[in-house]
Structure formats: C-alpha cells, structure tokens
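Note that the chains are named A, B and C in the order they appear, and that numbering of residues resets to 1 at the start of each chain.
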C-alpha cells in the first residue's frame, strides 16, 4: 500500500536536511557524459520514460547510457518514485528535472526557479468525479466529495462547478488520498458516495463499483490540467543541461511515434500500461483518450503559445493556488521570461522543430 | 484428629510411578523433617499436600478436610520467590490477612472499613516480624533484603494465617551457614512455643513439614524424621516412606552438638540413601509403635506434655 | 577512563551544549543552502520559521465566520485521535493480555493469532478499516488502537509468563486468594512496571500509524498538514510539526517514567 511509502516519506523528510548537493560533473562534449536526474512517477505520459529505459533508449542507472544518452552525450538517471516524492526530490535539488503538473509546479517554483521545457499531456477526462447513487449535481449538493486537497483534483472539482455557474462552496470537498478514496468507495462504505480522483483510480472505480457514475470530468476543461517536464533553472545553468533537455524531448517524441506507428502501437501501449497501474491494452486505449498526449513538438509549442493558456488558464491556476494557500503570495509565471519563477520556455521546442542541435 | 493425614497416596506421570502407597499422619505441633535422594518424589508429594497437583490415587486431608486445591489450610515457604516483589516486608506478611479477611469488592466499595482493618493487619504483621527478629526492615522491599531476612519474612507470611500445616521446601538451602543457624534456631523457638501451648491445653500453632537435604539439619530442628526413597523391595512401584522415627529435640539454649546425632544420621543415610541396601519398606517405619511402646512419649503425646529428649 | 562519573553541572552544561550545537549546525546548513538559492525552503532560515509559525497560528476563516488556526485545528484533531486510540487500545490489551496470561485455554486459542497479527502494520490494512469502521474519527481511533493493541497484549502476556512465577500464584492461593484477587493483587501488580515500559515503547508506533493514516484520509490533523505542506515544500511548517511531535514523545516518555517511579517504587532500574 501507498501508506507504507508515506511512512518512509516521514523518515525521508527527517533525512532531507542532511543531504548536500551533489558535485556537478562538468562534462564537455566528447568528455565524460555529465549526469542529470529526472524524477518521474507513474502516469500515462510520464511512464514513457520507464518504457524508454526498457527499450534501451535511456538507461535509468548512473554511469550507464542508453541509445539516446550516447547520442546526446549525457548520463540520464531516472528515478521512478511516488508523485509526492518526485516533488520533494525536485524541490530539494536531488533531481534536476521532474514530471509534474502545471499546478503543483507552482509550489516548487516559489522555492526553486523552474523552467517548463515541454508539455507531455493534458487531462481530458483523466480526472473525474465518480459517484454512487448520486445522479446529478443537484443531488451532490451538501454531500462530501473526497479527493486530495490542494491538488489538481480539488482544482478541477471547483473549476468545473464554477464553469457550470455553480457555487463550489455548496459542494463540500474533503481531503483524502486518491487511492484511499477509490478504495473507500469500492468497499461500499456508507459515508463515501462521491470521490474526485485521477486515473487510474477513475477507470478502476468505474469498472469495479456497480452503479458508479462519472458525474463530470476534466474533458470540460481541456488544456487546463497540463502534465509536463520541468527543469530547475540552476540545473539549466550546468554544462550539458541543454543536451539533457533535448535528450528527454527526443525520448518522449520517439515513444510517441511508436504509439502512432500501427506496427508498434499496441506493444508500446502494453508497455506503458505495465508501468501505469498494470493496465491492459484495452484499458490503455481508453486511458490515452482521456489523457491527450502532445505527440509532437509542434503540438507542445502550440499550447505554450496559446493565448488562452497564457492569459486565462495559468492566471486562474495561480489564483486558485493563492486562495488555497498552496503558495504564499503570487508565484510569477512567465512565457519566455527568464526571470520569472516559473518560465514556460518555447526555445527548446522551437529548436527541436527547427532541427537545430545545440552544442 | 491429625493436622495432616495422607492415606494410600500414589502418583504416576503416565507410566512412570513416582509415589507408591504413601501413608502419613502428623500430630499438631510436630516438626517433621522429610529427607530423600534427589528425584525420589519429595516435590511431587509436597505439591500433592499443597493441593496444586492432587495425587492420582489416595487422598490427603488437613484437619479432616480433603485437599484438592491450594488453600489457606496448608502454607508454604519456598527456597526463593516466596515474597511479592511489589510489597514491603510488613505488607508481604499482612498480605494473607488482607486476602483472607477482606474481599476485593469490599476493599474497593467500603474503603473506610477496609482502611481500619488494614491498620490492624499491619500491626499484626509488625508484631510477627518482631518475633522473627526483623524489627528494623519492615518498610523495605524484598529486593532490599538479604536472603536470610527474606526467608524470615516468608516464614512470618506463611504462619500469620495460622494454617493447619506449613511446608518448608528447602527453606535455608540458599543461605550462608551463619544465617542458616539463626533460622534453625527460630524453628526451635517455634517448637518451644508449641510445647508451651500444649501445656496450656491449647492447640500448638506451628505444625511443619520441612524438606531438607542436610541430615544434621533434619535431625536438629525436627522431632520426627521421615525418609522417602525407592530403595526397597517394591522399588518398581515407586518411592515409599522407608524411614519414620522420632528424633532428639533440641532447645534453643542447648549447645549445637551434633555428635549425639551421629548414630541416627548413619541409620538414616543407610535406610534412605544407600542404593545397594534393599530392604522391606517397613523396616524403619516405627514412629507410631515407638510412640506406643515408650510410655513416657505416649503419655507426653496424650497429655500434651513436652516430649523428653531422647538420644539414641 | 570509560564510565568515569562526571559532575552534575557538567552533565547539564553538556546537555545544553548539545542543543546549542544542533541549532548552530542547522543555522550553518541553512545559511549555506540559502546562499545557493535564496528562495530555498528545504532548510529554511529562522525568519522563514517565524513566518511559517505565524501562518500556523493565524485564525482561519473570514471575519464573519472565524475559525481556529491551522495549528489549533491540527493539534486538537491529532491529539484527540491519539488519546482515544491509545486509551482504547491499551485498555483492551490489558484485559486481553491478562486473560491470555492467566488462562491456558485463552492462551492456546489466541496466542498464535495475536503474535501473527502483531507483525502486520495496521496501516497496511487500510481497506479493512474502511469496511469495518468507515473513514471518520472511528477509523483513526481503530487504527491507533489496533496498532497498539496486538503488540501491547502480546507483551503483557509475555510479561506475565516471564515475571509472574507459578509459585507466587500458588502461594497466593495458600494465603486465601480468590481468582480475581490473584489477577489484581498478584499478576497486575507484578507486571505494572512492564506495562508502563511497554506503553512508552508503543507511543512511537502509535504516532506513526496515526500520522500515516492522516496523510491519506481527512482534511485536518498533523499528518495531513505535513503531507500538504511538504508537497509544496513549506518545510518550515513541517519541521515545526515534527518538533512538536518529538517533544510530545519526549514528554510522554518522561511522564511515564515518572509514573513508573511513583506507582512502582519497588522496581527501580
């Protein structure tokens, strides 16, 4: 169970203070490959990095290189851990880069200036309110919905209600770990009839609980919950960091190509499924419709350049975070503004499109 | 009426026969020493008398009452662990009075009347401790007492309830020689009190079976010695009482002169401990006939007169 | 020389020195980290702690509808759960442990099952708790209680087996004790120091079980706050909570030691 991991996290928190920064192995092109760490957790568009390790594109271990690592002359270390642990590893500087959502990154960015180098996917149904015996929003009023507070779940919950011109205050939201919430709903407990969780818990619950219903989901707010890869600004200052970023991007888009190629599509989905809650092929086919991948650099770039994302979505996310005390004061968010705490950088995506390889 | 009566007691563990047809009657005020080779069944017999392990055959009665579980009729002092670590010396001695005269609900629900009784119990306990020479250590816990002090407390604890009989199981086995002698002296004083009680026509308070492996100790503190052994003609049926005779009585003022015990000690050793000396088990069982023959002794027993010193 | 005694004033001075040393080491570490990244909150400076503490004690809610501060809410929730769970678990374990230690048939029936269940962390059985007791207050109570119960019952039972000699029980019968009297006057009094020692040992696990559960379920409590704040790297708040937890453990430890000295003057160690 995940809770055991939490016990470990407690201990980790205690030990954080003791870990110093790793020395930078400054490598020049042709010299020894500089080492960079990516923390990833199981999620459809992030499990890609685990699959890349299996395919030999990357090698997760330090001191060992996969195909693409050799090409870019970097040593990518992959740390596949819990999502919360990812955030902590990144926040403490243990990881140079992290797979994180556009909301959670705000908390990290106020402590470590961050650069969002490319988006991997957006939730269009991957976050959902699943209910038992509650058939409409009117019936949900006043009844507790369980989900992780201060996370995309709560954001999506309140955002969708607002979008439907309802007052979120009339819909109480109680914090519970998504896995625990899904389990609680599945055990048929009387006190829990509505949960707001992300995949795989959405699909899992709908499949296992008779009479469960997808009351509403994130498909109503497309391109608002964004999964992405973020690098610390300090890490971007190290030698070889651009090659590290480019290596991650090429890895991501290579796997995407394999998913589009009919010959490798199923095998890739099965491999992803194995790294995502052990889902089977048919379930994975459904998952990727609810979690839309940004399959090419052009698609990713289009998001970063979209007026709605820049001027409406991100400000709304920041506002939500401030209101819910996720961040103290305003986190500065910029697009191609190097001095902002969170900078959406289009340079690397554009470079990939232009075929320019940085030295 | 006997204080203790053992009638045709046999005991077996599965197929192994330990005790065979044990018969023993003990008069009020007797101090009976029990000796025997190790593994001869002394503990089994003691547990049967105590009531924790009733015998497989036969019956044991204390003052006519059948013993089938441990009760306040039979007291015991072990070689160690007799005291309760969490009670002071005086509380240990008063423990029996508390358990015997008040009940758990009464101690809780009528605390006031219990508190009054408690004062009486503690006073009695202190008096008894003074009698056994422990006036200075009454408020101390067992861990703070020496081995000899602990055994004095244990003896006071067992006797304060005035049980029909008290079993002393190797009570001085773990003590140094000086302490041992002091405690033996204490038993001699108890015997003198018994004699005085008999003179007054009262029932004597201290009826004792003392188990010991020291033959001198057995003959010195007791007025009767019994030997339990398998070395007899019906050996395969288990241990029997192969020795039961009176022995000299010492007064606390007498010199500790064991030379006069030599003869009986050798007899006892041969009868009970000599593996090669196989005899009829009744050969040395003559306590009651000697008592009958010896008019003086018989008269003493009958008239509750002090027994004269008899030296063989 | 090994184990050479030192004067009391020196012992106290060294104790204080240890604390000062710890705080100094932390300050240096924090300053070094801040030089690298002035926004860092992983090893926050004292100023950040002050801000974190201020945020913790600030009343929540609006002017019309004031709510207690985060700290007050969390402490109340956690300590109430801890108390309820601990109390229930300990009370049940004393009954069960004594029953197992006193009666052979209960021992034969339950001892193997108990020693098996004592090895399973209750946090690993979360779904079972959901089914049996739901997700509210009862669940936290049950989790702490059962986490304490199995271990505690087993150690009480073992304490009886090891510390209460059969001869002490037989002896009490010869002094006229009834069965309830043996249980209360002999067994209970003899094992009380062990019970108190085991209580001290159980406080740590009980807090871990509770915090782990709070991290997963519910919108208040120290575990919840630690998870939420560490997710956004507000480590100052996390460290404040960990300090409070540490002090709680320390105080409970000393409290129980004192209680042991007071209740069991015969058992000095």
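Going forward, contacts are C-beta pairs under 8 Å (C-beta built on N, C-alpha and C of every residue); 3 or more make two chains touch, one makes a residue touch a chain.
Just so it is clear, the structure is predicted and the values come from calculations on it, not from any experiment.
*Asks:* Return the chain pair with more inter-chain C-beta contacts, choosing between A-C and B-C.
*Replies:* Greater number of contacting C-beta pairs: A-C.
*Asks:* With centres defined by CA atoms only, which chain is the most remote from chain C?
*Replies:* Centre of mass proxy via C-alpha means gives B as farthest from chain C.
*Asks:* Just curious, how far off is chain B from chain A if you go by their C-alpha centres, in Å?
*Replies:* Each chain's C-alpha centroid was found; their separation is 84 Å.
*Asks:* Roughly how far is chain A from chain C, going centre to centre by Cα mean, in whole Å?
*Replies:* Measuring from centre to centre gives 36 Å for this pair.
*Asks:* What whole-Å value do you get for the distance between chain B and chain C if each is reduced to the mean of its CA atoms?
*Replies:* For chain B versus chain C, the centre distance works out to 51 Å.
*Asks:* Of all residues in chain B, which touch chain C in the complex?
*Replies:* For chain B paired with chain C, touching residues are 50-52, 69-72, 74-76, 78, 81-82, 84-88, 95-96, 99-100, 103-104, 141-143, 157-158, 161, 163.
*Asks:* Looking at the complex, which residues from chain A come into contact with chain C?
*Replies:* So the residues of chain A touching chain C come out as 1-4, 6-7, 9-10, 13-14, 16-17, 21, 84, 87-88, 91-93, 104, 107-108, 110-113, 146, 149-151, 174-177, 179-180, 183-184, 186-192, 234, 325-328, 341.
*Asks:* Taking the touch rule as given, give the residues of chain C at its contact with chain A in the complex, in rising order.
*Replies:* Answer in residue numbers: 26, 29, 36-37, 39-43, 51, 55, 121, 123-124, 126-127, 130-131, 134-136, 208, 211-213, 215-219, 224, 226-228, 230-233, 235, 238, 242.
*Asks:* So in the complex, the part of chain C that touches chain B is made up of which residues?
*Replies:* That would be residues 165, 167-168, 170-178, 180-181, 184-186, 189-190, 192, 264-267 of chain C.
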